[in-house]
């Protein structure tokens, strides 16, 4: 069985998460799933996901919508009786799903990618561009539904009327510095992945 | 008293979508005698999105701000947005806790000729800073228009209370409640004060997001509040801008203004609505000013418990 | 110095030491240390073969000193000393090197480092041991009296066992009556017999036993002495009632105009008067005056109790009394305190009126309680139609107490039974794991299931009154994940009972310090050995029983109380005990009479003898700490078994490799 | 003490019988790992610690000395650790005059329940002394080492 030296899903999740070792001590009590404000829409509760990670059910875990429904509110993390950094594990699972190109919930990742695109280009977020570009390019069907167009359009107009949407994006001065840092960070991250 | 200057990280959202927050922060700072000096050429903190997709660049993104602030000689940095606050706080903390991460982040920073030693900066939220450094005594002292008769639902949201407890409780903090009372108003018994506003869920799953927003608004109104007080632009946006949609989805007609806490302080300090950025909100908040009474309302008598009722547990002060 | 012949024995402890430390190498290497004539390694030195090896070698090689490198001296020093003694060698010519707790177990990832350290520790012991001298243990008489601290079920059991054997017991209880938590309970699991019915006869026996002096409403303030001869100072708090005159008739509390909420016995649900007896079966039967609430102490007026007392027993001017008792042994049975669920704000206790603690529920259900046994909501009248029982409140949670409180599963089942029996309400138990491990407990669990209680496997995340749906309005909603279904659930109920866990008393640390009993990382008193000596502590003559040692139920508390009594009776019947001869002694011929040592001694054991111009140690008072030894400017105080020469030799020995490079593998 | 150029310090520990020695035992029974740099000597109480012992250890080549006792107020002998605090202050003054770095000789507390604290203290002190490098008093100190003779005898 020497060929099976490949590290387990559990090991990889633990390694990629700061403080992730605590995952080994999950009691399966469900206080995460109970505390989660968006748990009703998740296909597996975080607790179930942890049991699945233990069982090595890689396809099901990385295909689950659970991490994408995480709102990063940390309610599970503070209430976890075993101090497992659950929110950070959700981040890890999202990254692993993206790296594998295996995710069933494209809206969330597209939204995140659009957002990150702006940040990497300009160093700042840009809400108007974000909302329109995200909806136009990634959810065109919904966006072009008459009711939705009306809704989004009305909100956009309302936002602009209240000067809450900038029309033009803002950039930081030393964007080169930021881009160099992010490029280097990606190299360092890739190096770690290989190791 | 010499004017104290704080290194300030406003965050993207305050530049446009929630400019009212920026306006009121500046106005209140001036009135309370401290200055907010932006980190030179700061960049976005990445919100929750960056951490979701690429952990190490996300830490590096945030660390650039920490490095630039520390380079400017700062020992603390104040953020008014809870998400920005947590990203700055967490990056500093994790770099301190995990030496390997620290090395990696600094390797990335090196590409921009920067470095950051974790622990150099104390990352603080504007609310905590005002409560601790300015203090209740000074707030009371500077109050020109006590907010008698107003009832506020103190909404802390997630990221100041969790994962680390920078206020007085991760579940039911009371510091902003106390602040509201100092300003002459009443803080309502608002149980969902740290329940999540939904964050970016509005963009991903309306059903989920509006459900959460609706619960918060309902609980705030049920608690007898005239307005909700927030400390985070994301919370304000979700509760204010999407209030109508949540009403549509649940067939309710709530119309409760959602204010920034510095707008509440500003009102009490006697600043004008214009100085505090009123008018950007979806649910109009100007009506609140007319509700302010000239003297404190009579203390509501504690409801008499019937003779046969059992005593409530004694609560420690 | 005549010829020294040292035997060295390095223990494998199975794999415990040998798995990390190269014990064969250590033994081989030790053979070259000065004065060593025989060096061996052995699988288990503490086993009879290991001990016999020592005995044989002492005879065969004519050993003058013995070193065993194995576990902590706190574990087996006695064992090996006895082995030496059996072979005719004075036990104080033996020394131990701790290469398990201090080496193999803590340096598992550094085998070379652990082996090197083991060598240096063995060398230290070999260098030290040749300076050790034969000593005779001090024999002291054991006083037959015993102090039992705490009058709950464990303390009562201990006191009765010892007293029934004919020896005198001082039973000290902080509260006005003995009985402890058990006196507050309604029924006991799994038999459902009435708690008071089985406890009160024992309370009565303890209160009237000719060999028990009951010191209720009293606290221990100071403990001096050592096994066999403790001197204990007890403060008897003023009851303001003359116990010799009082008949416990009750006229005083019937007429007392001041009503106070009783947060102790009634868990805050009921009230008592400013002069009161905690409960009808209280032992002793005398009332006390609550000075903080009594009108007389506030305004100097009222004196109603004094007026109505038929025997003129009220004593407003009574003061605390200090009592000194001499005892040979002490048993701590100080019990537990309940976890305060206010520490979990998301459970709403104190804010949501129909959230109750387990203790509150015991009082509700108790026929002698504030509702005469009616299970009602906080309004005092409404019977609940649905009740949730939350397990593991403050237990098994690193944010609060990480230990399992051991009793809550069974107590929660009992609550479920009582609710269903008395109200017919629907009952939901929220649990993480059901633990029904003692005799008859699993059967009890099955019985409650059969009676119709619902079980939801999930730790409750939150209890709220923020309704989601119309059906939830006005209810308490328990939010959790039903882990067996894998979906979040919201369960609306009328009443919630929180099974709050058991935790060490807030002052356990201080109390432990006063008696020389340490607290472990959960805060409960630490037993001498977790498996083999669960009732003794590290201090000779101080024993522990009941929930102060760890969360446990009534049968276990009673068993441990009886076990502690057996241990006490064993020492009493031995009549004498051997004490370590670790004592200071002054070489008067070289004492300059500077008196520096006199003030150093915390026990005032050193006196200056004017006539001779020298200081002298009273060995009966000396405890062997060595503070005076280190202080003497002329170095003429000898601290037996920790002499200057012995410790210097130990330092030199421990550094032998660094100074001479001798640790290098040959 | 030093092989392949990596410096592993030698720290001599003086542990009181009642608290810190038991804390070390607890660290053992709980299998808490810490560097194998500490070599400990049991004394009944930190009050027994003759400053000579510390100097002797340093003279014999220790790179550091760790003294651990019961927490202040929790001494098994009531106040032995207070005596230790006072003597420690005087000793530190002397050591400072000899040019010894502050981190080399440390006084800490650990109750019998604080195995974690014990392990952490040893780990931290090892790091600090590793950073300082060897002390090497055994070679710089006028040496009339009794064991040099014994060694010769053995050879």
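Think of it as A, B, C and D in the order they're written, each chain with its own count starting at 1.
Operating definition for what follows: a contact is a pair of C-beta atoms (placed from the backbone, for glycine too) under 8 Å apart; a residue touches a chain by one contact, two chains touch by 3 or more.
Please read all numbers here as calculations on a predicted model, not as lab measurements.
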Result of counting contacting C-beta pairs for C-D and A-C, higher pair: C-D
CA centroid of subunit A to CA centroid of subunit C, Å: 49
Computed distance of Cα centres, subunit D from subunit A, in Å: 50
Distance between the centres, which are taken as Cα means, of subunit D and subunit C, whole angstrom: 31
Multi-chain contact residues (two or more partners), subunit A: 40, 75, 78
For subunit B, residues contacting two or more additional chains: 171
Subunit C, residues touching no fewer than two other chains: 346
In contact (per the touch rule at the top): chain pairs: A-B, A-C, B-C, C-D
List of subunit C residues in touch with subunit A within their complex: 346, 396-399, 432-433, 457-462, 479-483, 486-489
Touch list for subunit A against partner subunit C, complex: 27-36, 39-40, 44-45, 47-48, 75, 78-79, 81-83
Contact footprint of subunit B on subunit C as seen in their complex: 261, 263, 268-269, 271, 342, 344-346, 349-351, 353, 357, 360, 370-371, 376, 378-381, 464-466, 468
Of all residues in subunit B, those that touch subunit A in their complex: 12-13, 15-19, 41-44, 46-57, 59-61, 64, 94, 97-98, 101, 104-105, 107-114, 158-159, 161-163, 165, 170-171, 194-196, 198-201, 203-205, 207-208, 211-212, 241, 245, 279-282
Interface residues, subunit D side, partner subunit C - complex: 1, 8, 10, 12, 18-19, 21-22, 24-25, 27-29, 31-45, 47-53, 56-57, 60-62, 73-74, 76-80, 83, 87, 111-116, 119, 138, 145-148, 150-151, 153-154
